[in-house]
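Here subunit A shows up in two complexes: once beside subunit B, once beside subunit C.
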Partner chain A sequence: MIKVRIPTPLRPLTKGQGEVETTAGSVVEMIETLNSSHPGIKDRLCDETGELRRFVNIYVNEEDIRFLKGKETSLKDGDEVSIVPAIAGG
Partner chain B sequence: MSKMKALVCRECGKEYPTKAIHVCEMCFGPLEVKYNYEEIKKNVSRKKIEDGPHSMWRYLDLLPVEGTNFVGPHAGFTPLVRANNLGAYLGLDELYIKNDTVNHPTLSFKDRVVAVALTRARELGFETVACASTGNLANSVSAHAAAANLHCYVFIPGDLEAAKVLGNLIYKPHVVEVEGNYDDVNRLCSEIAGEHGWAFVNINIRPYYAEGSKTLAFETVEQLGWKTPDQVVIPMASGSLLTKIWKGLHEMKALGLIDEVRTKINGAQAEGCSPISTAFKAGRDFFKPVKPKTIAKSLAIGNPADGYYALKATAESHGSMDMVTDEEVVDGIKLLAQTEGIFAETAGGVTIGVLKKLVKQGVIKKDEVTVAYITGNGLKTQEAVIDSVGRPVRIQPSLVDFQKTFKMGKNGGGDA
Partner chain C sequence: MKRKIESDVDLLVTNLVIPQHILDDMIAHARELAPHECCGLLAGTGGVVSRIYRITNIVAMEGAQNLSSFDPAKAAHLERLSPEERAEIAFVMDMQDFSTAKKDMRNNGLDLQVVYHSHPHDPARPSVTDIKIATDYEEIWPKINLPIPAYLLISLMHAAPDVRSYWIKSGQVSAAPFTVR
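After this line comes the complex of A and B, so read on.
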């Protein structure tokens, strides 16, 4: 299983859950499986062309996927994924 | 009628109430304050500002708070120093240093943004404040929280300068050192902010917090006699400061406080963490996050929240961006100290280093009125220069020894 931490703005789609479990071989696949169990998630994370929105940040085991293979980054059992909208700070 | 209309998504334009939120629920874009400019225009004037307090609160009409129960009532209105020596050295006729090394109370520009953030946080009913910080912000949140009797948690990377760690502990907040860099701290804090009902000044309070940076633009214009400079050089970490200085200049025009904005905005980063400058030089309007490696730790944000908007503001203004090596950072700190008597932290070294480069490239010209933003104090980053400033001359407490050391005659004369 892969643990996915859900940010506050997406929790209305996960019945308020801050963490959900899923199975997927890659980030892009994870978005699809999340979308089938929680319809609407994909539209929020991706734009019309299917690319991740500019202000969406995804981390696999605390690492920004842009330092890995982007949305093709592979996932395996036990991985933890965080979705962080509009990184703030500075 | 309130001067704040709503929070509005910078990407899709969806509006939200003026609460402690920072992300658009629909497209995840960042939120910013939407003002009622028609109403503000009726209230604001040069005269009213000039008669106001000697702090950044003289621009209250343009800041996103509702009342006047300020946290940080003395922040801002720092000197705009005419830098004749540094100007002559660089070949500029009219150079100014906006000197936030002496901001009150914690010696960096962060006192401005924190004053706005905590004033707003208190208005919204929060009792606990927090931040993710590269140092200066944590210092400022800690100090202001102590003075305002607020509970305080500050989160910092594990490798900060000693003075920036001490500069938190003395005020007795909860100081949390996170094993990782700023971007790790920031991501963690985004997740904590989603779980706990705290006012994270640069996360859920960020739409208000960031507006405090506009006061650097307002003050510069007022101190120049209600004129905009031709060129400004601004250090970039998240890119927020640069974005808000650009916004501040345009607000002054929109409100009729000035007739035109003819300022070119230039951004400065250190080579070891230059995602925004690198994108600019490559002609891209998006940046790639980096893993920071530079002595300019206050600017070491590899995933800059406002990187995209900083690129946009710089392009709109026909400005430029550049970056300097750590060696040039140290040279910049020393040059500013030795020409103008101002001891800046590493971010100031970045600004001076890039200013020097832009003059050399002909981007900033001799007759252009130029302002360099110096945002933090050198006493907080002593590690950066300690090995390159020499040692004192040591002598016996004897006149003879003194005169011998400086090769002076017995009756004065000689000034070696």
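After this line comes the complex of A and C, so read on.
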């Protein structure tokens, strides 16, 4: 299983859960799987072309996927994924 | 020898040290983007800032409904505004810029010290939204291998810019005094 940490603003989509478990061989697969169990989450993470939105980062075991293989970054059993929203304010 | 003493002192006090040229650069950044908010990061070691990273504020570029940092009520409010109006009251860091900055810090042995942004029309203190998002972020910093930074505000509401920094922890705001040298 892969643990995925969900940031506060996305928790309404996961019924309030801060962490969900999933199985997937890559980040892109993980996003699809999450979207099946938590509809709407993909739209929050990816734009119309499927690219990661500029105000979201995904970390696999504390490493930014933008420095790995992006959405194609592979995942294996026991990996921990963090979805990180942009630093923001007003 | 003097250098060594200074570095020992810096380890003992929590005060931030910001070089004058970096302070000037932040204020210039705020003025360049006014009336929109600017944002960026300061990095260094042991509280001593040595590097500034200007980060793109993407709030004007996206529909607010997708800005996943904001709570739904705030996002709904932002959504009613034009992109221009949004950028006057909010910032969202471009996380590609953020990643590039983070990588540069790591390559140069620097730690994140400060997250800064400007308030073109308001005082140099964290807004309710700033406090809420910073509080949500407390649990995120350790997961992305970064220390909890101080938050620095640049107000342009008066002719002379006002620059202040704060710690935001568990929703509580306290002053994080800095010295300029």
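In the analysis below, the second predicted complex is superposed on the first by the 86 of 90 C-alpha atoms of A that agree within 3 Å, B and C clash if a C-alpha of one lies under 4 Å from a C-alpha of the other, contacts with A are read in each partner's own complex, and residues count from 1 in each chain.
Here is the rule we use: contacts are C-beta pairs under 8 Å (C-beta built on N, C-alpha and C of every residue); 3 or more make two chains touch, one makes a residue touch a chain.
Everything quoted here is computed from the prediction, not taken from an experiment.
Partners subunit B and subunit C, brought together by superposition on subunit A, clash. Using the contact criterion defined above for the overlaid structures, shared-chain residue A:Thr8 touches subunit B and also reaches subunit C.
When the two complexes are overlaid on their common chain A, residue A:Ser82 makes contact with subunit B and with subunit C alike.
Of the two partner chains placed by the overlay, subunit B and subunit C both lie in contact with A:Phe67.
Residue contacts after overlaying the shared chain place A:Ile31 against neither subunit B nor subunit C.
Subunit A uses residues 5, 7-9, 44-45, 53-57, 59, 62, 64, 66-67, 82, 84-90 to touch subunit B in one structure and subunit C in the other.
On the subunit A side of its complex with subunit C, the touching residues are 5, 7-10, 12, 43-45, 53-57, 59, 62, 64, 66-67, 82, 84-90. Residues of subunit C that touch subunit A in their complex: 37, 39, 58-59, 61-62, 66-72, 74, 89-96, 98-99, 102-103, 115, 117, 126-127, 129-130, 133-134, 136-137, 140, 143-145, 151.
Interface of subunit B with subunit A (complex): residues 11, 22-30, 132, 180, 182-184, 186-187, 189-191, 194-195, 200, 202-203, 206, 237-240, 286, 288-289, 291, 301, 303-306, 308. Every residue of subunit A that touches subunit B in the complex is listed here, in rising order: 5, 7-9, 18, 44-45, 53-57, 59, 62, 64, 66-67, 82, 84-90.
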